[in-house]
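Two complexes come next, and they have one chain in common, chain A, joined by chain B in the first and chain C in the second.
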Partner chain A sequence: MQAHRLHRPLRATLVVTCALLLFAVSAGAQVHLNVSKAFGQKVIVAVPLFEVEGGTIVDPSAVRDVLEFDLGHSGFFSIVENREFVDETETDDRISGRIAFQEWSALGAEILVKGTIGGDLSEVYVEATVYDLAQGKAIFGRRYVGERELWRDAVHSISDDIVFKLTGETGIAKTKIAFTSTVTGFKEVYVMDYDGENRRRVTRQEAIAVSPDWFPGGQEIVYTLLLPNRHECRRATLDGQGSRISAFPGLNDFASPSPRGDEIVLALSKDGNTEVYRLRADGSDPRRLTFGRSTESSPCWSPDGRRIAFVSDRSGVPQIYVMSSSGGTARRVTLQGNYNTSPDWSPKGDLIVYVSRVSGVFQVCTVDVETGEVTRLTSGAGQKEDPSWARDGRHVVYSVKQGGKTDLYMIDIYELEPVRLTSGAGDYQSPAWSD
Partner chain B sequence: MNRFLLISASAHVVLLLILPFVPGLFEDEEMGIDVYSVQLVDIQSQPPRVETPEPEVEEPVDTPPEPVEEVVKERIPEEPAPVQRRVTARREDVEERESLADRLAARLRSQDEQREDEPEVEPQQAEPVTAASATVTANRFPYAWYLSIIQGKVSSNWKQPSSRLITQDRLSTQVSFRIGRIGSADLVTIRRSSGLPNVDQSAVKAVRSATPFPPLPDDYQEDHLDVTIDFTVKQE
Partner chain C sequence: MRKNLALAVCLFAVFAMLALSGCGSKEEVMEEPIMEPSDAEDVGSLTGDDIPLADVSDDTVYIEPASSVFADIYFEFDRYNIRPQDEAILQRIANWLQENDQVRVMIEGHCDERGTNEYNMALGEQRALAARRYLVNLGVASARLGTVSYGEEQPLDPRSTEDAWSKNRRAHFVVSE
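After this line comes the complex of A and B, so read on.
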């Protein structure tokens, strides 16, 4: 009895302490949201014309165009409509330093990106401050400095910063796309910014270069050179310095670097029919992963490096299969359609994008590796080929052959509106997106 | 009896008189509301740029084609001090701008009304879709953009189960979770089940696949944000 009485105050203290702790733990704000599948909600962004300091080094409207393209295609933002209503007052505001929070809000904008460009002929800086319009407060600011001709990179960097800070995702504005083009008369490997700008040639083989893919880090590519008497799998830095990885008799095609970059998988036909092999990135230690009388080709790695997707016609028609990256039993993942090729594994790991023949036309589809659920991304005429994922697991680049010409397009897998990236003479094929 | 009434009444009167002087009683209501005046009134001078280099890890800069991130500048919101001067000095200007803002608002309202009449365009497949979504913000978390991002990410990642399994006209699942400072989502739980495990699981999966969420806003003081989301499936 005595003992009980002694314990009572202690118990009371404990109860009170627990209650306080609970209160402290749940002290953060609480919000309640509704979600519907109809449309992914987007944050509306306003980008006024960039302010220019020290002479017009770079056209401010070009800077705005790049930033609007980046943000508008990130999947998270839409650009405010009717911005010309506020643009009028912007001219005065740039002089006075006032920021038209209310006006942009009235247009429906939630985020404002105010920027400045300046510098001289050799070096420019691009600076931007991001404001929360509802609160009239700065969220963060960034400034990049670089050579004048790299101003696009600076703007892309700002876009990726905004995407990261405001969405938590890694943006794609600074990524690059490797591809082949016949613009010189030969087929060479080129690299461009993800928005189609800044095209530059990587290989100068004056032959036929096909199926480029990136080593991790975006500084080196692997590709296959088709020579009159052999196929060579080669690697090259972006300035064209290259070396041979393999030149076995027959095919040395469809090479894909591992996520760590220390190995590649590719299709070789040195032992008779085409099979999937795994080699070190210098070409040594080739190991055969598939065995059989059918053709196995187009291998690619899962993002964790543990599995490999590839194409096999063991069922009579080409289908996508998945196996361990050390070989062994393979599981078929495409159960619809009778012609499925060209797999690329999403960086998020859940989906494989591939090409499927639908009513005689090649279309880009995704399949959920676990559930087998198929979603078609493209439609209409034009043969779509060689899809490749961006690092955000949301965008895919692919080629479309239409009217005797092939061009590159990208698509957001949630919005399904293709954006054309290339134009002009020549064909643009076999795109691969850098990480 | 009357005496008690009298005492009670006078006590209430005294309390009512004291109330306005209790410090901090109405502070909550002011939070997040005074913000409009903050920078709107800031005139000639640009807000001073406070340089606070962030210890952010940038990519190696040994390759010339990369523009180097030189400094990270954060603009600290201004004190709302020069309000009066600004308003008196450029009164006409302010009025003109406000009326422009009003005109814009009116124009946009009329656009919105028109939009409501238009039929909604469906993305692609004939999946069951729901009606409009709405956002309710707690006044302690005034970052509307943050909540839009959460909604957008969760809804893009929501793969609804096949409509064959759903017989009701309308189903709703409530899922709650806690967002940490760096944008992580923890304690993902079904708060109210729809009755169909597939629908419930699809909602939980939507939240998990939508991560990472944005880092909590820098000037939001708490170390987490509790979010509850209603997932509604409605047969059209």
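After this line comes the complex of A and C, so read on.
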């Protein structure tokens, strides 16, 4: 059977060998199902335990947990709550050999995802079929095959397929988050799946690594390394192969790759003041974009690459400004508060997320670039820092320092319920979401 | 205190070696070196003996050891301007650097924990640059003065108190050679 083949992400990106539609229903045409529901209303999905073929290769309840987490945090779905009824109905289906659409609908479900996992110790396959319960028919099916330890990637892929097929939106289940951790006693760059799993270390510098960000494509990181007496801006592949981009005297910090990945913007102080510069991704051809005696730092690109947001204290306190990516006059976009830093521009183009000091506590806010409308996303006592957008322009990851420990959280900007992603010893800081 | 003392001893030893090897200033060098290398070619085997105080003549010119010159300077919360009370320190540093014109200095900028990590990295650099600019205006060649920011990554005092914060908002001078 031909299928989507998963490869170890370190070696190669997902290679689609052949698209397989288990059901030739509405092939090619996207099914935008029920998403014309009123804002905030979600499609209710039932996820029974996946069937196991050929022995217990992967715990089917772990598979369900991952798929439910993915769909439940996509922003579009809610999960049928009573698993007992879900499992009973699934058992009835298996005994009868047919799908009791009415029974599933009676549970409140609108969509049903049935799946199978199987394989052997070296290779695993995960397949799922998605049914529209109201119409009583299959919408589409997908099958992924790969090395056994990639089963999570397979489930994330199925979730993104479901989100895309049913809403036309790009899911985030296959994305990754880069961050820094002090768990070794040094500060190193790590990456993890967006749900906090599969943590692995990228740098082994045994120094202080700060401000990681992704090159487009999710295969390379840019970060700044603090060495005795100098800062280096470096790039590294996920398996740790690295090279230096810049090591000018002073700062080489807050690097942000352009949407095409061929350039970066960053802050340098080589000319005697902290200013924003643009250079090629190999470190050549630095061009200064800001001038003045104030501090200009923390630049990031707009998704079309035509503008740059950055922080300046030219008003006396740090605020967010926007200018052309070739420099020139900057416009202040944060008009409230006296400490606004760490901008990141939404992939949708409309909002900038940033950190604002509100009553002495750092909170994550968004500002509409055109209207200036500010929305606060977080509340409570913990200090929130370094927000970064997911590619859906809907989720934001950030750090929270509370009780002497810093962990990473994500939040849906329409639902505002923080989800904790890290735990355990050490601090987790400076998250950056891959595309 | 113990750490400061060790640093003082180190810096003094570095300075003494510089002075002895002729890299330092000329006329102002003490007439009777306190430490005489047993072998002038081999500075690695310095020996030292106390000399009776009576042997020090009144016209000996003392050079301030670097450790007493390169004191940290401090900053107000969220600011990087030089405070008036630190100007005398910078003046002494500039004088010393003019007397010891082979010495390079790395200026470290540090912050307390209260800003965002990201902005503090820029703020630390601005503090180091402010000190550097001040020294350049006093005549020190800019090529001798490097800057490096540690943001809030290396606090002198890790506690979360006003006292700790005010100690951590500093520019620190490291004499490199």
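FYI, the second predicted complex is superposed on the first by the 390 of 435 C-alpha atoms of A that agree within 3 Å, B and C clash if a C-alpha of one lies under 4 Å from a C-alpha of the other, contacts with A are read in each partner's own complex, and residues count from 1 in each chain.
The working rule: a residue touches a chain if its C-beta (ideal position, glycine included) is under 8 Å from a C-beta of that chain, and two chains touch if they have at least 3 such contacts.
All of these numbers come straight from a predicted model, not from anything done at the bench.
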Partner chain in contact with A:Glu169 - chain B first, chain C second, else both or neither: first
Touching partner for A:Phe362 - first (chain B), second (chain C), both, neither: second
Chain C versus chain B, contacts on chain A by residue: B
First, second, both or neither for A:Ile99, with chain B first and chain C second: first
Touched partner set for A:Ala134, first chain B, second chain C, both or neither: first
Residue ranges of chain A touching chain C (in the complex, touch as defined): 187, 208, 210-211, 226, 229-231, 249-251, 253-254, 267, 269, 272-274, 295, 297-298, 311, 317-318, 339, 341-342, 355, 362, 385-386, 429-430
Chain A-touching residues of chain C, taken from the complex the two chains share: 78, 80, 106, 115-119, 121-123, 125-126, 128-129, 132-133, 142, 146-151, 153, 174, 176
Residues of chain B defined as touching chain A within the complex: 32, 35-40, 42-47, 49, 63-77, 97-98, 100-102, 104-105, 107-108, 120, 122-125, 127-138, 140-156, 158-160, 178, 183, 206, 209, 211-215, 217-220, 222-233
For the chain A and chain B complex, residues of the former touching the latter: 26-43, 75-76, 82, 85-86, 89, 96-103, 105-108, 110-111, 125-127, 129, 132, 134-147, 150-151, 153-154, 157, 165-169, 219, 348, 350, 373, 375-376, 414-416
